[in-house]
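Look for subunit A in each of the two complexes below; its partner is subunit B in the first and subunit C in the second.
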Partner chain A sequence: MSDSSTGKPVNLRRRILAGGAAGLTIAGAQFVSRMAFAQTGPIKIGFPTPLTGAFSSEAQDQVRAAELAVKEFNAGGGFNGRKCELLVRDDKLNPGEAATRTLELIEKDKVDLIVGSLSAATQLSINAVCKARKVLFNSISQSDAINEAKDWSFYTFHEALTPHITAGAVARYAFPKFGKKVVYLTADYAYGHEMVRGFQRAGQAFGMQTLADIRHPLGTSDFSSFLPRIQALKPDVLVLCNFGRDLVNAAKQVTDFGLKQNMKVITPVLLYTSRQAGGAEAFEGIIGGTSYYWGLEDRIPTAKAFNDKFRKAYAGAVPSDYGALGYAGIRSVLQAITEARSTNATAVANVMRKMRYDFYKGVQNYRLCDHQSVQSVIVVESKSKAMKDKYDVFNVLSIEAPDEKNLRTCDELGHKVLS
Partner chain B sequence: MVEITPQLLMLQLLTGLALGAVYALLAIGLSLIFGMLTVVNFAHGAFFMVGAFLGVYFLTLTGSFWFSLVLTPIAVGAIGLLSERFLVRPLYGRGIDYPLLLTFGLSYVLVEAMRVIFGIDGMPTSTPTELRGVVNVGFGMFPLYRLFLIAATAVIVIALWLFIEKTRYGLIIRAGSRDNEIVRVLGIDISRIWLLVFGLGTAIAGLSGLLAAPTRAVNPEMGIPVLAESFVVTVVGGMGSLVGAVVAGLLVGVVFSMTSLFAPEYAELSIFVLMAVVLLVRPQGLFGKAGLMG
Partner chain C sequence: MIAKHRVASVLVFLLLFPLIMPYEALALNILIFGLYAVGFNLLFGYTGLLSFGHAAFFGVGSYLTGITIVHFGLPWWLAIVAGTLASGVAGLLIGFLAIRTRGIYFSMVTLALGQIVYYAFYKAERWTGGENGLRGVTVEQINVFGLTRDFVNPLTKYYVLYVFVALALWLVSRILASPFGAVIESIRENENRTAACGYNVARAKLLIFTLSAVICGLAGALRALHLSIVPIDSLHYLLSGQAVMMCLLGGMGTFFGPFVGAAVFLYLEDVATSFTTHWMAIVGVVFMIFVLFFPKGIWGTLVQQWQRRASSVETK
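Showing the complex of A and B:
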């Protein structure tokens, strides 16, 4: 790190000064910076995300959509003539790398705030860096831990869903329909465990019975040796609590072994990108949750508007779920800056806490105690027939409306109730 | 807890054999190259991965799995031939770690090459239409494709055995792996044999990549875990032993599968425990000759 990383209080001030407010006295800087006219130069947003590694295709879509939000903002004149500049950095899906890149963005590039991340682990390390420097961070990746009081700060916002909400929504949809006996095939790390916990809590209401929770190591390429046992257990529902390539492999092999003929296969997070990578046959009939699917456009006008802008910018392609989060994550903070008439982290955070916004999927707001975005969950089913084009991969089965009661309570997360 | 029935055990065993078939094929290629050239081929997993990519590519190009089955080993073998001729050959006589480091680097180059050509997401694959579905094997339902995998491995192993045991080239290969200096003294151009063996080993790796492709996701990183597993198999079977490679491949598959049934958390660990036990009891591996590394 550069030697400037030592004196923290000075740096906070420097950051506010970023953009060359040269004539200001040091003493008055913090005060004056609240007034828009004192700030010049571009608004800089740091965007750490895993451009390389297992989630690179999702990450690149995040960047595409985030750039779209920035372009839109700049085309609209920016804020007081100040344009926005997006500084994308590769965190390589590594928490240490993510922390280093974030620190550089803050100390060296003097960004005004941070949006980004794509893994439960990297977002916690990015958050820790931002928290220590009182820099606003809007996370666009799933995590339960980031909302918990021990990791959270006033400057932490969570635009993405949490495993608890997503698993809950899928459970509430699927469990009453397909029977009471469940087997979980779970990736043995935080994400998998959080998902199983989410399903089991939501499942209590329906009297669900867990026959087995089979844990597999992260990065398993062949699940066949787990499958005869699952077959013999005769569950009504098989829940695949894994992600990315693990999910693709599991779905493929579950299909090959003919398990779908005897049980319903569901998964907490069914991503557009996973489905594209795994193919129609492997995912046929699998039900899962997602934060966004482009097919919402027939019923949600903002989704239509967002898709059209994305299509126009990227040769007809549609945005993925994580891509859409990149867009929403950037738009939220830019809107808050405009309303706050400031890039001061506290001022922006205060506006975000009160915001009700609809950028792409219907109305959302941040819960006051933990800044979790309260939003809808879309339950989709993968299809292999009657597809209009290569983008047409899911049927939307239900949209669970945004509701704070589907989140873990503030109390449970350890927050002293803030008004 | 599920009731352990004989049917379930049999099914689990069969699953292990299908899994072991791919391990065995990989280990044969690795063992062949090591036995003959004393080159520890760290790019073996990468050749497997290239085989999967090219296999799927040829499949979409020709529309026939069977064409791809012929074209893929030829193409991957050709890459192997070029690698031996221009990269590995200059390093002979320099000690075992030189080619090891070189092939390690080569594996990165191959992974990057596939990322550049086919993209980072990999390619979606599906089971060839003729081999789709499940069949009743008497004690349960089993995917037809995995039965085909076992059969294909058997055919490849037998063909290879005939080649090595019954042909003139095979005789030279066997002689060369015992004492290559004597073979050279007898007037045989050993470097051509080495070229051929390297090509053959990589072709089999490519073929196993194609065979595995319909069962899993094809992506540039798919060869990395496979490399570790095939080293375990080679060590258990004995470095340089073809019989060892086949027996150990199937054994590792079955051990993995049976552990998954009773203690899924330890499945991955189990094959390394097996390796450790074999190394303690029989350091040269089940079918290996002692002192080959010296």
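Showing the complex of A and C:
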């Protein structure tokens, strides 16, 4: 491999010189490119989301919808002639990677603000980074912790629902109808516990009785050891407090085991994408909550407008719930920038605090103490018959109107009420 | 020259490193994971013990640094010391159990003990935040000898953490140059013969295991300050696997190799992610190429070339 024929010392020195020069050139180029950043360039929005990992299909839908919002804004002339640029980064569903990517977006790309995330842990890590640097962050993923005073900052906004309000809405709809005895099948981690808490809180008003809260490890694929126990408990309602693949697996096995004949199966968060992944049969008759379903277009004009834009841009496909959040998350910050006539984080935050907006699902606003978006919750039932096309998977059972009293109180979250 | 002053050379390189990286957070990650791989290499490359549980030490260092800041309000530097020491204690305990086994059994025992640590921290939600991770490890300003510096500034952060890495590298180099360093290398070459020479092999193994844990713990402690969070993934076995990959890629059993491995791995991952969601395939192929064609790793191969040339010049 080595040629050892020529004179070495001179050669080596030249190489070192050449190498050093190359190194300096690279360093110089990087430095210049950083300097070249212009103050009046486009409005830059960082969008970290797990393009790879278990939630990649939801994340890609988020990106599609976010890009739609950006395109719309730019087509409308932008703000003062400044167009918006969306910088999508893959956080790999890993909080460490999410923090690194957020640092990259803030320090290298100099984004004006951050929208995104798709898991409780990653949104909390993105929030921690943004909070320390006073960068505005609009989270589009569910979490109860992000609103708590410990994690929250003036620059934190939460566009998505919380497990508490979603579970509460489903409970308020389902508990009075299907009986008082409940069994929970819960994924044993923060998100699962938060959902159980939401159900139990809402259930108190109806005198619900918890027969058992059965915990299973996150990522369980075989639920057969839990099912006989559930059957023996003879509950009126079985609540599946898990998410993603766990929910799909649990729904399939509950169906195969025949539990649906004796009890009503409900779940706090019934995603369009989970339903598509699990199939009609497994989810047949299961009731759950969601932030958005395209079928709202019959009753809500903005939903119709949003769906039509989405269909036109993406070959007739309809937006999913998480996708719609990507759209709303981007639109609300852009609207706030336009109204504030500034990209300054404090100015934008101040406008957002006062904003009342209706982008896709009816009127929403951010609660003053924790910047939680107060919004409707849609309760849907999965169907397997009379479907018009492959997108038609849910019946909308009820829409719980936005109401602050369904959220955890500011006091409970630890806020020294700002309002 | 470089071989004689290996610590100084590495430090000069790392001093200029943030200038050639696309962004500082990546440079910091490489600095931290480089140190992690160096700590791992003490055990893997120099002693010949393949541990699959080193994420435990990285994570314990991270979590204890975070917990002492969040729950006990310790100053940042004391928190780093606390994290590093805690990791050393964990190393002592796990090492005590693990060095009784050899080969694949050693790897399995370390993996199992590492998983125990993972679940212990996962379940201690009150202290660690569980699945959500530990947040609030925020250090906004640091005060060194009356000088106040803005720790949020990425370059400041890099150079502050660099000082700790420098100290650790000096320590590692000192250990390797000592008679004890020769003992661990001889354990790698022939354990029975080392014992026959009168060295206490079990004690040497336990000591190097603990020192390796201390270095990895320090890397974890620095990461807690860098990211201002401690994710539960810090204890995940995938991270243990990453240390093995970085060492193999850069060159196990060389002083600078693990750093090169960490740099190439993380830089490649960063670049690949920005244009494809199939970044794992790219990183995997590169890794396979190196393992197949450059078994000594990137740095190991370079060192070998240099040595060959140097010896051929001498003979001329």
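Just so it is clear, the second predicted complex is superposed on the first by the 380 of 419 C-alpha atoms of A that agree within 3 Å, B and C clash if a C-alpha of one lies under 4 Å from a C-alpha of the other, contacts with A are read in each partner's own complex, and residues count from 1 in each chain.
In this section, a residue touches a chain if its C-beta (ideal position, glycine included) is under 8 Å from a C-beta of that chain, and two chains touch if they have at least 3 such contacts.
Given the structure is predicted, the values throughout are model-derived calculations rather than measurements.
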Practice task
With the two complexes superposed on chain A, say which partner A:56 touches: subunit B (first), subunit C (second), both, or neither.
Solution key: both
Practice task
With the two complexes superposed on chain A, say which partner A:350 touches: subunit B (first), subunit C (second), both, or neither.
Solution key: neither
Exercise for the section: Go through the superposed model and pick first if A:103 touches only subunit B, second if only subunit C, both, or neither. Expected result: second
Practice task
Return first, second, both or neither, reflecting whether A:200 touches subunit B, subunit C, both chains, or no partner chain.
Solution key: neither
Practice task
Name the contact category of A:121: first (subunit B only), second (subunit C only), both, or neither.
Solution key: second
Exercise for the section: Could you look at A:74 and tell me whether it touches subunit B, subunit C, both or neither (first, second, both, neither)? Expected result: neither
Handout entry: Partner chain(s) touched by A:302 [first = subunit B, second = subunit C, both, neither]
Key = neither
Practice task
Identify the partner contact of A:229: answer first if only subunit B is touched, second if only subunit C is, both if each is, neither if none is.
Solution key: first
Handout entry: Footprint overlap on subunit A, where subunit B in one structure and subunit C in the other make contact
Key = 52, 56
Handout entry: In the complex with subunit A, residue positions of subunit B that touch it
Key = 1-3, 5, 7-8, 11-12, 15-16, 18-19, 120-122, 124-127, 133-134, 140-143, 145-146, 215-217, 219, 221-222, 225-226, 256-257, 260-261, 264-265, 267-268
Problem - Of subunit C, residues touching subunit A in the complex - result: 16, 19-26, 29, 125, 130-133, 135-138, 140, 152, 154, 223, 227-229, 231-234, 273-274, 277, 279-280, 305, 308-309, 312-313
Handout entry: Residues on subunit A engaged by subunit C in the complex (per definition of touch)
Key = 1-2, 4, 8-9, 23, 26-27, 30-31, 51-52, 56, 89-90, 92, 94-96, 99-100, 103-104, 107-108, 120-121, 124-125, 127-129, 131-133, 143, 145, 150-151, 189-191, 218
Problem - Interface residues, subunit A side, partner subunit B - complex - result: 52, 54, 56-57, 188, 211-212, 214-217, 219-222, 224-229, 231-233, 245, 248-249, 252-253, 256-258, 273, 276-279, 281-282
